[in-house]
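Next come two complexes, and both contain subunit A; in the first it sits with subunit B, in the second with subunit C.
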Partner chain A sequence: MESVEEAAGIRAPRRARYIRTILLELERIHSHLLWLGIAGHIIGFDTVLMQSWRMREPVMWAAEKITGNRKTYGQNLIGGVRRDIEKELIPELFPMLDTLEQQWKKVLDAIAGDTTLKARLEGVGILPADKARDLCVVGPTVRGSDIPIDSRVDHPYAAYDELVPRVITFTGCDNWARVLVRMHETFESIRLIREGLKNLPDGPILTQVEETPPPGREGMIVVEAPRGEAIHYVITGSDYRPYRWRVRAPTYQQLQALPSMIQHATVADVPITLGSMDPCFSCTERLEVIDVKTHKVKVYSNEEILNISRRKYGRG
Partner chain B sequence: MFRSKIKEAIICLEAGRVTLAYPFAPAFIPKGFRGLPSVDINRCVGCGGCASVCPSSLVEIVDEPDRTTITRYFERCIYCGRCADVCPEMAIEMTERFETATNDIRDLHVVHHIYMATCSRCGRCFSSQTPLDPPDYRSFKGTRLNRLGVEST
Partner chain C sequence: MAHMFVKIAVAVILVVGFSPFLEGVMRKFKAVIHSRKGPPVYQPYIDIIKLLGKEDLRVSDSILLRLAPMVCFSSVLVASLFVSFGFSPALSGAGDLVAFLYFITLSSVAVAIGGLATASPYGGLGASRELMTLFAAEPILALTLIVAGIKAQSMQMTDLPLSAFSISMAIAAIGLFLIIQVQIAKLPFDIVEAEQEIMEGPFIEYSGPGLALFKWSFYMKEFLFATLFWRIFINWPDFRAFPMPGLLANILNIAANCVQAVVLLILIELIDATNPRLRIDQSLRFCGVVFFTVMCGLIFAFIGS
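Moving on, here comes the complex of A and B:
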């Protein structure tokens, strides 16, 4: 959305930018809570899966109350947001954040002294800082290797120029450092939401867009998603349609670091090392089919996948 | 080691029972929830606003001489509610229905026919007062798409 806004030269109103920031941070909180659960599940520590997902549920409910849906918020429009955070809702959100913070502190306190967990995570999946820099790794993975890259600070969007997050880095370079980065980032997100709700400015939430941008304009935005930086690039076209829209999700860069992370590791450490970068394989936008009998590998292109799926659903 | 295990046990015990009785008891639905859109076809004027804003383009509008057929493929719906926002006649409403799983995809297809009258002066279609009110064939000059210079399909 912001890339289109940049292309069209529109700036969303201040209140809309605050609401976007609050929702982005809610998203980050529930993504990190989910990730801790998955990481625990991978190493066979299902208690943390159950407990962090239980803590995540009130966050989802809060998002549902604000936007009307748990996950697909559908909140952003070009020029602002669709739904306002209502005045009655704000007093409900603070207690939710307080309980979450308390519970999350307890979890951090409990797992920080857990030697079983540390034995599985500490010193495993090491990604040294220089290697991470060479491979252009992003997000919490690189912040666990003591490189402070965070596009919320480096290229502020939404209201991050006013609500400045603290970049959390750990020097461990291992899976444990990546766990700590995500856990501490959750506290940071809670702080940002609190500040955002307290300082929520008055005013409109949507600017009227007078004209559609002319074709051929470009816009690009870097967004710090929970997994790392996502880049959206847009060229405007005619008929209210983009001519080109390219998304680069963070997983593809992160995966490049995997071979060096799992070097000399035991097989049992591979899943958690892969999991520690919070991979999203659907974001790597390739489909590779391996024929088991002939060992032939075929990589499908975007066009081929589109044609197959269209044929499957009987359209076109 | 043991201390952290005890702490973990306390976290679990403090939570108590949190499982909701959901399939056996109705789920809590907050105010302003966006569920499956419902269309009050009696209010629809066939303007096609919903079709032009729908992000997943699930609304298909076909103009025929005396009527407009609106087909909605709800299996593609992402429940964003943009159609309900733009509808000038408030004919679309987001319901609280979210249990839309089905064995037959055709259960999610909704077909509406609106009988459209044609303006005797400009030849454009507009929705007639009642479906019983017959369109005036003598003054029929073409469908909206033809008027715009597009060959109708």
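Moving on, here comes the complex of A and C:
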């Protein structure tokens, strides 16, 4: 949405930008809770899965209270947000955040003291800082390799210019460091939501868009999704339609690092190393082959990729 | 002779009939730790009945694939006849301890063979993990029983339980407790199946009755090892020592054994729920440490303490 706003030269009101920030951080909290559960499940630690998903429920409750939806919020509009955070709701959100913070501290203490867990995660899936930089890895994966890249700070959007997050990095470069990055980022998100709710400015939540932007205008926005940097690029077209809309999800970047991370690893370490970058495979169902000599580009469809894999494994 | 058949019948009914209930209790306990409601305690019975009624899909015509679950199930069943469940074992003779070990090993080998017969890479990987675990864990089980055997000056199961405390028996008991977790594939040693890594490993292609027999034999193994721990190393209480009719004493003994098995397995389930899965090399290293510890127990047994 902000890319379109940029293209049209609109800026959302301050209150709307705060609400967007709060929702983005709620999204980050619930995503990190979900991720920890799945990571626990991958290495057979189902207690972590059950407990962290139980803790995730109140977060989704809060999202539903604010937007009317648990997960797919449908909150953003060009020029602002659809629904306001009501005054009566704010006192209910603070206790929710307090309980979440206390429980999350307990979880952190529990897993930090678990020697078996550390034995499985420490020193596994190593991604050295220089390698991570070369491969342009983003998000918590690269922050676990001690590189402070965070588009909330590097390219502030929404209200991140006023609510500045602390960039969490760890030096371990391994799966354990990536766990810690996400655990601590959740605390940071809780802090940001509190700040945002306390300082929520008054005013309108939507700038009325008078006219459609002329065709051919460009807009690009970099958003720090829970998995890492997501880029949206828009060229405006005629009849209220975009001429071009390109999304680059963080998993494109992350997956490039996988071969070096699982080098010399045993089968048992591969799932958790892959899981440690929180991959989103549905974001990457696209194959582009570029012939270096002729500069020809061929984009494969889902069907074609399936057929290639079937032929390759003799099941076609 | 008739007496022996009664004992065999009682042992088989007990092991086959009671073990799924134990599994149900363990699942319920795990659910409590997870803050879940959990399935009812009779769920494993339902699972088994459902699986037994399903079509037996086979990925190959290999006879090994068909026989492996039956071999696994029957070997655990035969092994259970050598163990006391509160009454003296159904089958008994000189050196039955060795026979017990052989039958228990056979059940693990059957799992590995079944895995290899599926011709799936996951099955093969699971089978190799099963065999590695077997080589590491089986000697420890044997050693713990040998320590008891040396103390009792006998290799017959009926002579093993001693009431006097000794250092060697205490060490062997700890060793057995630790190795039970490996033997019944509870976390952190749930390496053979590891559904998130190798998709149940050896059992990947099993469905219906074959899977039911494998699952059932694992439930039986849980009960068997828990019983072995209590009846050989603790052996308390024994109601036969009290003045009461023999039949009543035996029934009380069986009941006490079942309760004790629940206690031990809940302890193991607690460890299961609070640990992630180890890698096979870490698990082997753990087995190495336990092996060394039990060896110390063996030395203590030789010098008579």
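Keep this in mind: the second predicted complex is superposed on the first by the 287 of 316 C-alpha atoms of A that agree within 3 Å, B and C clash if a C-alpha of one lies under 4 Å from a C-alpha of the other, contacts with A are read in each partner's own complex, and residues count from 1 in each chain.
Everything below uses one rule, namely that a contact is a pair of C-beta atoms (placed from the backbone, for glycine too) under 8 Å apart; a residue touches a chain by one contact, two chains touch by 3 or more.
None of these values were measured; they are calculated from a predicted model.
Based on the superposed arrangement, let me know which partner A:107 touches: subunit B (first), subunit C (second), both, or neither?
A:107: touches subunit B, not subunit C.
Kindly classify A:54 by the partners it touches after superposition: subunit B alone (first), subunit C alone (second), both, or neither?
both
With the two complexes superposed on chain A, say which partner A:42 touches: subunit B (first), subunit C (second), both, or neither.
Touch status of A:42: second partner only.
Once the shared chain is lined up, is A:91 touching subunit B (first), subunit C (second), both, or neither of them?
It touches nothing on subunit B or subunit C.
Just subunit B (first), just subunit C (second), both, or neither: which does A:83 touch?
Touch status of A:83: first partner only.
Mind working out whether A:69 is in touch with subunit B, subunit C, both or neither, as first, second, both or neither?
A:69: touches subunit B, not subunit C.
Between subunit B (first) and subunit C (second), which, if any, makes contact with A:268: first, second, both or neither?
After superposing on A, A:268 lies in contact with subunit C but is clear of subunit B.
In the overlaid three-chain picture, which partner chain does A:259 touch, first (subunit B) or second (subunit C), both, or neither?
A:259: touches no partner chain.
Based on the A-chain superposition described above, do subunit B and subunit C contact any of the same residues on subunit A, and if so which?
47, 50-51, 54, 114, 116
Spell out the part of subunit B that touches subunit A in their complex, as residue ranges.
1, 3-5, 7-8, 10-12, 15, 18, 30-34, 78-82, 85, 94
Within the complex, which stretch of subunit A touches subunit B?
That would be residues 47-48, 50-51, 54, 57, 61, 64-65, 68-69, 72, 74, 82-83, 103, 106-107, 109-116 of subunit A.
For the complex, which residues does subunit A have touching subunit C?
40-47, 50-51, 54, 114, 116-117, 119-120, 266-271
Of all residues in subunit C, which touch subunit A in the complex?
Per the stated touch rule, the residues are 30, 33-36, 125, 187-188, 190-191, 194, 196-198, 273-282.
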